[in-house]
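Naming follows writing order (A, B, C, D, E and F), and every chain is counted from residue 1.
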Amino acid sequence: MFMHNKKLMYTVRVSEPNPALETLMLEQFGGPQGELAAAMRYFTQGLADEDLGRRDMLMDIATEELSHLEIIGSIVAMLNRGAKGRLAEAAEEEADLYASLSSGGESHTMSIPYGGGAALINSAGVPWTAAYVDSIGDPACDLRSNIAAESRAKIVYERLINVTDDPGIKDALTFLMTREIAHQKSFEKALYAIPANFPPGKLPGHPDFTDKYYNMSQGEGDAAGPWNSGDQWEVVDDREAQIAVDGGDGDADVVLSKGEERAVEAFADRTRSDPQTDPLTGADLGAGPGAGRTSRIPSTAPG
Amino acid sequence: MFMHNKKLMYTVRVSEPNPALETLMLEQFGGPQGELAAAMRYFTQGLADEDLGRRDMLMDIATEELSHLEIIGSIVAMLNRGAKGRLAEAAEEEADLYASLSSGGESHTMSIPYGGGAALINSAGVPWTAAYVDSIGDPACDLRSNIAAESRAKIVYERLINVTDDPGIKDALTFLMTREIAHQKSFEKALYAIPANFPPGKLPGHPDFTDKYYNMSQGEGDAAGPWNSGDQWEVVDDREAQIAVDGGDGDADVVLSKGEERAVEAFADRTRSDPQTDPLTGADLGAGPGAGRTSRIPSTAPG
Amino acid sequence: MFMHNKKLMYTVRVSEPNPALETLMLEQFGGPQGELAAAMRYFTQGLADEDLGRRDMLMDIATEELSHLEIIGSIVAMLNRGAKGRLAEAAEEEADLYASLSSGGESHTMSIPYGGGAALINSAGVPWTAAYVDSIGDPACDLRSNIAAESRAKIVYERLINVTDDPGIKDALTFLMTREIAHQKSFEKALYAIPANFPPGKLPGHPDFTDKYYNMSQGEGDAAGPWNSGDQWEVVDDREAQIAVDGGDGDADVVLSKGEERAVEAFADRTRSDPQTDPLTGADLGAGPGAGRTSRIPSTAPG
Amino acid sequence: MFMHNKKLMYTVRVSEPNPALETLMLEQFGGPQGELAAAMRYFTQGLADEDLGRRDMLMDIATEELSHLEIIGSIVAMLNRGAKGRLAEAAEEEADLYASLSSGGESHTMSIPYGGGAALINSAGVPWTAAYVDSIGDPACDLRSNIAAESRAKIVYERLINVTDDPGIKDALTFLMTREIAHQKSFEKALYAIPANFPPGKLPGHPDFTDKYYNMSQGEGDAAGPWNSGDQWEVVDDREAQIAVDGGDGDADVVLSKGEERAVEAFADRTRSDPQTDPLTGADLGAGPGAGRTSRIPSTAPG
Amino acid sequence: MFMHNKKLMYTVRVSEPNPALETLMLEQFGGPQGELAAAMRYFTQGLADEDLGRRDMLMDIATEELSHLEIIGSIVAMLNRGAKGRLAEAAEEEADLYASLSSGGESHTMSIPYGGGAALINSAGVPWTAAYVDSIGDPACDLRSNIAAESRAKIVYERLINVTDDPGIKDALTFLMTREIAHQKSFEKALYAIPANFPPGKLPGHPDFTDKYYNMSQGEGDAAGPWNSGDQWEVVDDREAQIAVDGGDGDADVVLSKGEERAVEAFADRTRSDPQTDPLTGADLGAGPGAGRTSRIPSTAPG
Amino acid sequence: MFMHNKKLMYTVRVSEPNPALETLMLEQFGGPQGELAAAMRYFTQGLADEDLGRRDMLMDIATEELSHLEIIGSIVAMLNRGAKGRLAEAAEEEADLYASLSSGGESHTMSIPYGGGAALINSAGVPWTAAYVDSIGDPACDLRSNIAAESRAKIVYERLINVTDDPGIKDALTFLMTREIAHQKSFEKALYAIPANFPPGKLPGHPDFTDKYYNMSQGEGDAAGPWNSGDQWEVVDDREAQIAVDGGDGDADVVLSKGEERAVEAFADRTRSDPQTDPLTGADLGAGPGAGRTSRIPSTAPG
């Protein structure tokens, strides 16, 4: 069960409204690396996790992320608070609004639809989608996904810190950024506390293909590094050896029933592009005066 | 700030796994009328509300909806728990899995991508999107949106209750359904406690158009009701009187600069469809033997 | 059946092209509170409504909304008309286009993909989605949704009126805004003409939970209002009394078959995070010189 | 301005409810090739078209497509009408509902969220999106897009006709299918009535690259046809001649300022993957007993 | 199988970073008419085409489009390269970043989430979606879709050429634009090499409806052109003759079972809007002082 | 530049068509963990990577993933090949199609819109979206994202292997699954070859918050593990100490100008919910006979 306290986890002090900065801050409110994505990622994982210790951790961090969502949402609301009043009570501020508009400023874009509220969109106005949550219900994978997600969120906060000099905002963002580091550490511990987590799952890979590195991008600049050199790797450079690596013919086949075969053939016949013709085409007709402007003479032409 | 207690707000007792039922339950987990939509709707409204009393109410109910999200998510997880184990530890259950698949059952659709976890999708597999949240930052509107949303959620729960006979699930769904009724009542109170909430906003409507009812759909079956009859309404049946109701010419115009006008005219000239021709077309070419199979004779034909 | 007359329902007179303003106007063309959303909301409800009188009203208003879509789309087209010509016939206007671009203006963003046409996107460029339409097939809910939607549309028009001083646009927007007020009134009449519309549906709520108000957000600022005080409400402040309100254990359970249980246990064992270890992690390896730069010594280390 | 008549453009007679068939019919209601997509495609093109004759045609056909949307929506509503009653008035039909559910049938998926209404979704439940509308504001392109769209709609109707034997539905679908053929013919006429419509636009292509055909997919099965053989085409088979076809070095470059260069170098240095090391990795740690279960020895190991 | 060479198909030389221009270029990287859409369109068609010659062509062009995706992506990366360094290494450039931000410039919008990388979004920031790919598995339709898509891509490149004067970018864009012309020609040849491609599919249309043109948009400005005049067309102007064109009653019906009928009636009764009442509504309550501020008197009032 | 060879990287041998299985296979074609997501992830990262060695690796693997996309797409096409013929050439197979439909089978859902082609959708029919690609332009993050993505793809392949017993499909899927393991190893090497990759970026965290673990989810079941115990962690259990951890007042503030303050106050006054009233509400009106059925008496009641 969730509970709420009216105080924030971290105090938010904004020195002045700034709708353009607010737009950028939305990235961590309703964007893919933002706090809603983080909270939902861990909360939904926690609901179905069979390991009660890990589940406790997931719920701890999900709850903290919800508290972070409230912090970044409060920053958004404060940065918008002036625009909100001005837009709703426009009479006394009209000249100002027109000026702001005519400069082509981005700021009103978010005010028109959301009225200064904290909308679950990213900094380009795209609504948050659960397509951002990549959980698949396997702990060894989901923890890796969490580790990666925390590292990404850390960097997006770093970028936001780099584009403002409002000290109160910088402060709160630094707190949020720091917590992503701490969360990444917790998820790292939980992952490596699964004794055998690589490769994830139960099925082993096929031994012929586990250690091969296919050099698919060739030409000047071919490089070596620990990802494709050393004892572990067998590099396959030969283009021919990259084809049909199973030793088969490299084709795709399916066994059809007689009826299916007949139907497929009928369809193929009916829709074949005859390679022996050089047909007059729509492009020919449309290639300008002399081509397409003819009257329609359906029975005999073109011919 | 949010906090969490490991107990649920309502106990969840599921009598057996049932992936097909689980799929339906997802509607209230990650669907448009579901608990995440509710929680996010009220939480984001609360963040920017200037009325502290209403804000408190919004946070109370948002927090309860998060607790409901946990309940419905737990139902989902329980209904899926069997499938999850079977899919991950397939060896001993293979025959069963193949049988389930070959019956074309829906159940594995959600297991393959989410592995039995509680995914934020609706019952058709569509990821949750913040496009479901219709808040616009005006309390008189947002409260109406909340009232409507609660009524919709009530009905979706009623439908889910109607498709299961698992008593534990029916119980928990009845609790969730009932709370939507209570929430609707709170939002109704908050709306009508705004002394002048209709019409919302500051600008009055134009007096000529406030009480007109345009009878746009005509023919047998034209009906009257309080929505278009009585002292309040002036019904406009005459088609002519529905056109250009401002008394203007009913056209759209814009004043262009000379340069713009020249450019628009050049564009129009270049892309005009000449009404005087009856051109040979691609459809003519493609209308079967005798038409399109001709050889291409680019220099002379068609003439 | 739909029919069309080439005249608009309201004359559109735009004083000059203005792509930045056009971008904002798109909110009511292809945005969530816009005219397509309104028309589709009522049209699709009307198709399946069993009450022929209400169905007539829904089709009347749907058809009017389509006529409004045409008005706002014509405003968009007029505001864009200059840009369209300039972009397509660039030769004589190149310097101007570069200047406009280098100022970082938003205006060309919509010109590149849509060429000055009226695209079904909101003011941030997000394509219209039927996820905006929240109809669920229950009249008592759908009418509430319509009431809320009309109130929201009224406010968005009010905001758009507040950001332009073009008198012709202000005029047309005022007409559109006023009609939303009239439509809301019709939907209100239709809702309350359903004798028993609250709560919607057939199932009553559980009497234990209909009148409770759970104070989930606590701390300084706890407020009272008609939404949680008075005879009707029983407020539950005690955190303990908010947990497992059914009197159960607050846990989630499911009865598994033996085979399912074995599979779940096998999965749990295989993926458990051992709480007794303090593993070396990827974060440790990556924490800078001295940690991750070691050579790989797979057989013996670390350990 | 739009008007509506309560009669359909084509009578709809359905012989019995069938939710599974209804689900398929949704493809032409809220799917990418469906009637809403068609109506919106032509209506929005019409709004901004400078050619008044073509604009008239676009509005004619857009209006007819709206009337088709009403026909297919009425089929959907009729096929759903039984399920709607049963779901809302469940008491007397419970056993039936459970049976339908337990068979894993798809049919209730759409009933739960939409209650038997006509939702703007495709046959898989995906909400309609304006991303389906590919208009770009150039008539020579948009007419081609319309031609293609009509041909696709024709085929989807053909497929739907192939999966039902309800004569009333077959009848109505055949009408709808036929009209797509007629519309395609109109759009063909309008396209080829633009005297010079190929290539569209104003800029000519670069003469070096207009007639080349790059044979990018090689190996057994290389085929010739009018698309790459004949006088018109120069086929480039030589892999080397497909690289850097401008004769340049085939690299991407940008001229940076000194400050930018310094910043880019600093970033590159900080994030370089050192090719000379063979680091211990997370995968090594996770590769099972003996690797990842070690205690954490942060100060000295791994060393 | 795909292979890669590190050289580009066309050399990219950018004269200076320009994030605002970069944003526009994204339209052809991750936009609906962009290179990913093109590549995926042809590649997926090719996978299932039964005609091996056409399949070869589809794979040739799909592979070339992937090579184009790399070119436009390289332009994007070069235009962003300065911003990327500055944002990541902010210390020495802070003043500059703040200035750029305070001007409300669009440029950082894309930098915050993607850090100067080449993201698969359009110029408004909307993520690429496969909803852009309109293939339906019928060659006569898919080739028409390809022809239309190539023509659209040609125009979007033309617009991009019109908004930059960087000669290296203009060069590369001209190459890409030219190749769209060439591809359109190939697809035209392949379409018209299907001997009978119009109408597509197997089912003929209904002879009563193939040649009718319904004049659905009437009033001043009714126009004639080859799309609705000439021997081929029978124009239906009479509004009555546009209704129920099958000669039926123009209604929608379904035959219900007794049980279904009872359930539908029960639902209809329960949710009927009584046309004989003029109910007090929520709008009345909310219409300001004197209406909604009354105390609640539940047992006796109103009435 | 990309090139293509007509042979597959791995031979595909399917023993019989199976549309239900095909639907599941789509998960790795157009789903979030599928091959298009993988290819686009690495390809777009490679385009902007400043480290040429890593860039080479990214292009190698991106190209291999495209070749995998072709393999899984070929499986999809083969499984669909029968349905495709039957649907297009329906005459001789009608009875069969009706039977398949009436069983409510999922299989035709994909055939209607895509005709047996390989569509870029997941197994629930949701179109692929670039929202699945989580690259942010920082190598230390993107490599972690890649590691996680490869682990997820491995598991989804494992699940697909578990639901089929077609040996040819099992074979090809095992190859694809194995390559994900190999790719994960390469990305691990590349990540740990960045000497200091944790925390990513340049800004250090705030020392007060790096090592704290907030126990946000409390109650029975609180667990300890390496993620919150040991020397590294300081656990904060006290609820009070989780609030306003900066030592401030835990509120959100912004400094408004006089004009802004006036406007905000005006807005707040106008939209305040008066806590002192107990208004009659819409819910009261709608609560059944005796409440809402009254005639409208606007001037005096309710009083």
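The criterion applied here is as follows: a residue touches a chain if its C-beta (ideal position, glycine included) is under 8 Å from a C-beta of that chain, and two chains touch if they have at least 3 such contacts.
If you're wondering where the values come from, they're calculated on a predicted model, not measured in any experiment.
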Chains touching both chain B and chain E, listed by label: A, C, D, F
CA centroid of chain C to CA centroid of chain D, Å: 22
Between chain B and chain C, centroid-to-centroid distance (C-alpha), Å: 8
Euclidean distance of C-alpha centroids - chain B vs chain D, Å: 20
Per-residue multi-chain contacts in chain B, two or more chains: 1-9, 32-33, 53-54, 56, 59-60, 62-63, 67, 74, 77, 81, 84, 88-90, 104, 106, 113, 115, 121, 124-127, 129, 131, 136, 138, 140, 147, 155-156, 184-185, 189-196, 198, 201-202, 216-217, 221-227, 230, 239, 242-243, 250, 264, 267, 273-275, 277-285, 287, 292-293, 296
Chain contact graph, described as a line, ring, star, complete graph or other shape: complete
Interface residues, chain F side, partner chain B - complex: 20-21, 23-24, 27, 31-33, 103-107, 122-126, 155-156, 159-160, 162-165, 216-222, 239, 242-243, 250, 264, 267-268, 270-275, 277-284, 296
Contact set on chain A toward chain D in their complex: 140, 191-192, 194-198, 223-227, 230, 273, 275, 277-279, 282-283, 285-289, 292-293
Touch list for chain E against partner chain D, complex: 5, 7-17, 32-33, 52-54, 56-57, 59-64, 67, 74-75, 77-79, 81-82, 84-86, 88-89, 92-93, 129, 131-132, 134, 136, 138, 140-141, 144-145, 147-149, 151-152, 154-156, 158, 161, 171, 174-175, 177-179, 181-182, 184-187, 189-190, 193, 198-203, 205-206, 208-217, 221-228, 232, 239, 242-246, 248-257, 259-267
Touching residues on chain D, where the partner in the complex is chain C: 1-9, 30, 36, 40, 43-45, 47-48, 56, 59-60, 62-63, 66-67, 69-70, 73-74, 76-77, 80-81, 84, 88-90, 113-121, 127-131, 133, 135-138, 201-202, 274, 277-282, 284-285, 290-298, 301-303
Chain C residues within the chain E interface of the complex: 1-7, 50-51, 53-54, 87-88, 90, 94, 97-98, 101-102, 104, 106, 108-113, 115, 121, 124-127, 138-140, 147, 184-185, 188-196, 202, 226, 230
